[in-house]
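Let me give you the structure first, and then I'll get to my questions.
Which chain is which? They are A, B and C, in the order written, and residues in each are numbered from 1.
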Amino acid sequence: MKKNIMRRLFILFISCTVFAVSMVSPCLAKEGLNYRLKWLFNASVTGDILAEDQNLFANEGLDVTVKAGGPERDAIRELEMGYAAFGVASADQVIRARAKGAPVVVIAQLFQINPLQWICKTSKPAINTVKDLRGRTVGITYGGNDETIMKTLLTRAGIKENELTLSSVRYDYTPFYMNKIEVWPVYKNAQGIIIGEKLRKQGEDIRFFNPAEHGVQFVANSVVTSEKMMREHPDTVARFKKALLKGWQMAMDPANQDLALTILQKYDKNTPRDLQEKQLISTRELVWPDRTVEIGRMDVTAWQQTEQIMLEQGVIKSGVKIEEALMIP
Amino acid sequence: MLLECRHLGYQYPLSTESVFKDISLKMDTPGFHALFGPSGVGKTSFAKLLTGDITGYTGEILKKENAVFLYTYNQERLPGWSSIGRHLEKVTPPGMTELCGELVETFGMAPFMGQKFSQLSLGQQNRINLIRYLLQKFDLLVMDESLANVDERSKENIIFKIKERFPDKYFLYISHNLMEVSKFSDMILVLLKAGKLPQTSLIKGLNIQRNDAINSHKLDAVLLGIMNAC
Amino acid sequence: MLVRRISQFFIVYGAGIGFLLALKSILGLSDYVIPGPLDIWSTSLAVANGYLYDVLNTLGVAMVGQLLSIIMAFSIGTAARKSSWLGSFIKAAAYNIQAYPIVAVAPIIFILLGDGFASRLIIAAMICYFPLLLSVVSIMSEPITDIEHFYLATGRMRWQLEIKIRAFENIRKLTTVISGSATLAMAGTIVAEFIAANAGIGHAIRIALYQSDLSRILAALFLIGIFLSLYQGTLEWVGEKIIKKWVIVDQEELP
């Protein structure tokens, strides 16, 4: 009887394994390349969707599908499982993954300035230095990179966590509107615009607290691929990067603003055009702050600083030499 | 007169065939009477019509004012959360405690009063159920197979006790046992299938009391009368 | 029974871990996608104390939520047992509301009540309330004719007695549905915490997900499984004790 049960369990185990393995299909199959974004379609991915919409990938002989990300999506995991050939991940994701042996490399850094900042109302006392956070109620997403950034700011400024109130936040901004949480983490070019507009209609105004202005450089969204892809299909990677950055170049060029907005409207139907316009302008300032520098440039120093911050905060146990993962031509 | 039925008719819900048609009878003599008939003829339905447990009949059922009719059957159960003795205490009306003790003794249930209903045999279950009905206020008690699974000797004892203790009450005993019905009943209402005319026959039973000798000729006559009626 | 339940959990959990590790080995996946056994072990040790507190926190909310839902289900279920318009209305409402995913309603509750204890409690109670209510309504609507007949015929029936009879006769069903709703309560609380709370093991799992830390998630799942097995096993044990005490059965039926 026991032998029977053990035999059945073993057969079930093998069947499950075979089934799981069969589900993993290489994304280089004839059906094309998947490009997994970090979040939903919004202004932060204008360049990506423009590249697809304007056939820039096709012009390079590539069949690329741009797929929206989300809270439970992890582009790096999808690279390793073979569900995607390219993806978008933030620097902390890349560093955490490299620390755990994930064979991921970075081919372009989209945001030169991190859009993750803290929003506060102008009716509240200004935050000119980190020390001004004392006694304030500050929102952070526990487990997110804003937690790491904020704790780094506080540590470096010599502020203990009990000198202010750190409050867990989620996707509902009601506590911010109701002044229960004074300082709220947002993506400046996305939710920041929406919240700002909403408050202005009620006669209030907002300002942003940027960690980079206080010495904490934390790299944001970057384009990643697998080491295997890089090794076995360098030409494909090069063509993809070329098409993608061309898309970003077009999207960030003020001369193409109408085109970019039209495409954005197609992919993100829920946000009004006038807000998208403001989001696009804001995104431009973060992706292409210096018009003399090409879009997608990788700031090695910023990456190393990001790694250092994660090490200080105990997010990773040891260094990963992130510069080795940056595929700088 | 306790009860009179005039042109009683009844159909089961959703059925087009009549169970009873045009039955008329009177019950005006207290005593231990019986309702007899083949299986499925509608004895239980008939009894339930008399007690008001089912309605929807045609004709009339006239009852003595304020008369209490009770119907009991052999599948009834007592609640299982305490002993049968405790349950009996709770349902014994004031002033009936002595009678309760008598019945418990006569019915042979005294050794089991500390047990729960589910621990009793089928015969014991039927007996305790009958005891609690006998303790209530009633004018007519319909006993539908209430002594099923009870051995013959105990059954005899119980019926004699009922007759002795409740001489002014009406009992309608439903049973398949021809011998039992013939011996103990006063009047036997034989119910036949609808379609047969007449659908009922009234046969006089032996109605023996405790210590009466059974006249075999008379018994044969009753048996024959019932069989002829069927 | 408790020991069996826990050992069953260990087998299932162990099989799950084994499956993941086999997948990792076959596909050559890094620790980022599926952590290795050492990573799982060291992370589990690191988070054990914190997660233990979190899971007990969640279990506490689930238990109170379940108790609340049992009280509500019995109150409303017994009121709804009659075939009156109220009874029919309650039954229809319970069926319809049960079909609605609580996860869709949870964010609204959090917006209105904040992310504290009350929100988690309400969601935990709501998730296990409707199945309980339907069971109670179905039990309480079904007359036990063999027992109730005497009381009805002799005018002794009271609503308390009616409920007592029907509850007693269905005690096995009731204890089963109550111990089964423990899983619902726990799952509901965890989902609520995952969506928007600031405490509990669901909140911890959300953080672990943000960090793509499967080791933490596995540690959380282990603790959830252990405590849920303990809780459910305890409820089943209590149910059996009640049945043994109040319902004397034939010797053959005793476990």
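As a working rule, a residue touches a chain if its C-beta (ideal position, glycine included) is under 8 Å from a C-beta of that chain, and two chains touch if they have at least 3 such contacts.
This structure is a prediction, so every number in the text was calculated from the model and none was measured.
With steps allowed only between chains in touch, the distance from chain A over to chain B comes to 2. Distance from per-chain Cα centroids to the pooled protein Cα centroid is smallest for C.
Distances between chain centres, each the mean of the C-alpha atoms, put A farthest from chain B.
Taking each chain's centre as the average of its CA atoms, chain A and chain B sit 86 Å apart.
Centroid to centroid, with C-alpha atoms defining each point, chain A and chain C lie 37 Å apart.
Work out the mean CA point of chain B and of chain C, and you get 51 Å between them.
The touching residues of chain C, when paired with chain A in their complex, are 15, 18-19, 22-23, 26-27, 29-33, 35, 39, 107, 110-111, 115, 195-196, 198, 203, 206-212. Only residues 9, 13, 16-17, 20-21, 24, 71-72, 74, 76-77, 80-81, 93, 96-97, 100-103, 141-144, 167-168, 170, 172, 174, 315 of chain A touch chain C when the two sit together in their complex.
On chain C, the positions that touch chain B within their shared complex are 146-147, 149-150, 153-154, 156, 164-165, 168-169, 246-250.
Per the touch definition, chain B reaches chain C in the complex via residues 51, 53, 70-73, 75-81, 91, 116, 118-119, 129, 132-133, 136.
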